[in-house]
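Shared between the two complexes below is subunit A, which has subunit B as its partner in the first and subunit C in the second.
On to the complex of A and B.
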């Protein structure tokens, strides 16, 4: 009877997810295996094209670099935020939440103003006499990475502040009273205990960058095409829906593989779980 | 908590927060400029670009569409997400474990893939109106917020209060509205506004489910940027930031913003 009540209440949401997500996405993936040329033809074509291989590796590379920078910057910042006095901590959290709730388009657009040919950075450098003519900063891998880091650092900070706050202060005091220097305490106590949070943050940033669209589109353009922008182009510009579906399938597989792998690593590395 | 933090670490943190807030201040400055091109610091101050937003038909239309889609999709997600969150908490033992994973799927599956799949397999295959695909795409996008945030408020709810009401003869629906809902009110408000703002800002699902005749604000912004490089985009961005401030004020009043760091 209770089982029945639970199912009844959960069924509308279950139906929504199955009908509007599971089935359409599965259908998209299935079509990649049912082409006239055989089940793996589209994947062979994908990996045979050096352009598409380049896009895949570039996407992985940009996402990795973004993740590493966001991890380092986010972790150090979150450490300071988590140790800040109450009022300051609130202000800092507000300052991190505000960009997070401001959309991707607005935040990428900001970097368009900054990095453009006549942008703020170029005009400042010109006025200071540091450069003779404007640098090309837009439509480079660097521009995409800067904007991506900007996108994801707040997420990393918020994820890690919660984790760092939950580390018992007694442990850190114990370490200090046993004679460990602050750096040793940080490396041997704080850092290992933050590992689960670091992994959650890394997964969020990596999958977010790997599947992003607006930022590479605005700041990378044709020159820095990533998987998301390539998929959009194949689907809506060249109308090659089979190729777009293949890219979609590759994105789904990589995203889910990363999530599963990292959750497993997190479980193994977490010193609090035995 | 009076441990020493290395001054270099504090300096680094200051730089990070300047990096986080600076670009948004630049957008604000650019929006207030009275020049026809984007510049910072603004040469002269004016609000003409804000007026311009409402003179451009496409912006007026897409602002309304975005608000409508956000409102409807969030409402759908709440109507079906609240019972699901309740079921997952109340009947945890009776329901299979994969069910809660199912409601996280919209986070796991890349939004672009979802948008493309809805276009391909709903709009084109079944000839469903694109509006329906866009609406349900957004409902799915925000469903995990609803299930998670309301689930978190339900976790601290004492279900014996509800059982007491039922055993005293209160009908289930009345119990829901008079006992349960008031207890998770702040969770519902927080879920609503987080979902609302997520929908308003979405690009990745909407990019596939909009086109001539139906577009949302962020998609229109992207399209406008490809043709013009004037402060209109900056002023629309500022409108979106004002919406963000409003949302943060409500979250602060209902749950406290530190809730977002949990």
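On to the complex of A and C.
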């Protein structure tokens, strides 16, 4: 009876999710299997193109590098924030969340000003005499990764602060009282208990990076084309919706695969993870 | 006295209403356009047209691709008048999205340049005319650019921006690369794309919107670009030393057309609107106030007003034309080849 009541209460939300989220994605993917050339023709064409393969691997590479850097930076920051006294913690969290108050385009645009030929970074290096002429930093993979890390680190911090705060101080003290050095305590107590937060943060950052459009478009352009920009090009310029849907399907499959892989890794690191 | 005033007001209101075609009252005209220069277009075009037709006007805004996609998804319905650059309106024509125009319903067609009257075989006229050429910062590029072939010069290394292949002017780069290689890009794309590849060392970034290109100039990232002339004023506002190159081979004509989709709910109102924007008075105001170049031959501009525009019979006669049917047919393959050069 309880189970029935639970299903009844959940059914309106479930119907909404299925109708407005799941069905449109399925409808998009179905179109890729119903072409006159056969069910897998569009996928064969996608993977036969060296350019599309390059874009796919580049997107995975940039997303993974962004995720790893965001994990390191986010974890260190979140650790400091979680250990800070109350008033300082509030200030640090506000500082971390502050960039989220502006749009993705604005935050990406800021990096145009920082990394440009006449930008803040080049001007500083020139004034210090460290370089003789401006460096080309924009429209490179490095520029895209830097901007993506900046975009997603706040999410990682917010995710991890809650997890790190929930680790009881008693455990840390117990570890120390049993003779563990701070590094051993960190590696054997803090880090394993933070794994759920790390996985959630990593999934958020990876999927965000993998599907991003504005940042690669502004800071990478055609030279650093990613899956999102390629999909836009196919849909809005060549009007090839089947090709665009194929790209979307490939992105969905890879995202699911990465999430499953991360969950598996998390289970190994911490068997408590479900 | 009070009754007299009320009577006068009532008669005035009736007179005003009778001036509006009865058929247009209560109707809604839906326009699909870019959304740029909204305030000026409201003052010059929309407010007087509302007064003329007594109708409501609603909009669909966005770039060419997005809006054409929407019309295509709706099988040519949802919009009464569609503004597009000619490469995109040609795609709409080929997809069967636009209806043929009855010239007898557009009396103002008689007053516009022949080039603009019927650029696409019976579909919408062009309401403005522009050109694609080269702009460069004369303070940085000390040897003037005088030919399309100059784009390959070594002194332009890492200082050039090309329009992306997905923009209106992008495929024109391939055509010019073909000419640089001494071939027709449609007949020998291999040679044309080899020339595009040779141009790559000069390219900093390819742009997808005019504002992106203007930004590249203003931040000093580039000192030369292939551009459409409507961006010149804004580039010069950011970098006053930027000039329009006087090219020996001439610039390329670009036309912006107005079309009536096949599913237009108010085609008669659409005709009335198109005829309105082709009137000498409206075209004069649009040109004077920096919105669009005129296609009406009787529009007269001062040299300062004309400086930004593709203006005058001689200039227009010297423009190169593009066969968009041929170009659109080749575009899909060109996009892939272009991506392989710039995206690998």
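Definition applied: the second predicted complex is superposed on the first by the 238 of 274 C-alpha atoms of A that agree within 3 Å, B and C clash if a C-alpha of one lies under 4 Å from a C-alpha of the other, contacts with A are read in each partner's own complex, and residues count from 1 in each chain.
Rule of thumb we're sticking to: contacts are C-beta pairs under 8 Å (C-beta built on N, C-alpha and C of every residue); 3 or more make two chains touch, one makes a residue touch a chain.
Note that the structure is predicted; figures quoted are calculated from it, not measured.
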Checklist entry - With subunit A superposed, do subunit B and subunit C clash or fit? => result clash
Next on the checklist: By the touch definition at the top of the document, which applies to A:22: first (subunit B), second (subunit C), both, or neither?
Outcome noted: first
Checklist entry - Which partner, once the models are overlaid, touches more of subunit A's residues, subunit C or subunit B? => result B
Checklist entry - Where does A:171 make contact in the superposed view: on subunit B (first), on subunit C (second), on both, or on neither? => result neither
Checklist entry - Taking the superposition as given, does A:139 touch the first partner, subunit B, the second, subunit C, both, or neither? => result second
Next on the checklist: By the touch definition at the top of the document, which applies to A:131: first (subunit B), second (subunit C), both, or neither?
Outcome noted: neither
Item to check | Contacts of A:233 with subunit B and subunit C, given as first, second, both or neither | outcome: second
Checklist entry - Regarding the shared-chain residue A:217, is it in contact with subunit B (first), subunit C (second), both, or neither? => result both
Checklist entry - Just subunit B (first), just subunit C (second), both, or neither: which does A:184 touch? => result neither
Checklist entry - Does the superposition put A:101 against subunit B (first), subunit C (second), both, or neither? => result first
Next on the checklist: Once chain A of both complexes is superposed, is A:51 in touch with subunit B (first), subunit C (second), both, or neither?
Outcome noted: second
Checklist entry - After superposition on chain A, which segment of subunit C among 60-68, 96-104, 186-194 or 330-338 overlaps with subunit B? => result 60-68
Item to check | subunit B and subunit C footprints on subunit A, overlapping residues | outcome: 112-113, 116, 118, 217, 235-236
Checklist entry - Where on subunit C is subunit A touching in the complex? => result 63, 65-66, 68-69, 72, 91, 158, 164-166, 204-208, 215, 219-221, 331-332, 335-336, 338-340, 342-344
Checklist outcome for this item: So, in the complex, the side of subunit A touching subunit B is made of residues 2-3, 5-7, 9-10, 12-14, 16-18, 20-25, 27-28, 73, 76-77, 79-81, 83, 85, 89-90, 92-99, 101-107, 109-114, 116, 118, 120, 150, 153-154, 158, 161-162, 165, 169, 172, 176, 182, 207, 210-214, 217-218, 228, 231-232, 235-236, 241, 244-245, 248, 251-252, 255-256, 259
Checklist outcome for this item: So, in the complex, the side of subunit A touching subunit C is made of residues 49-51, 54-55, 112-113, 116-119, 136, 138-139, 217, 221-225, 230, 233, 235-240
Checklist outcome for this item: In the complex, subunit B touches subunit A at residues 1, 3-6, 9-10, 12-13, 16-17, 19-21, 23-24, 26-27, 30, 37-38, 40, 76, 79-81, 83-84, 86-88, 90-91, 94-95, 99, 102-103, 105-106, 108-114, 116-122, 125, 136-137, 139-140, 143, 147, 197, 200-201, 203-204, 207-208, 218, 221-222, 225, 233-234, 237, 240-241, 244-245, 247-248, 257-258, 260-262
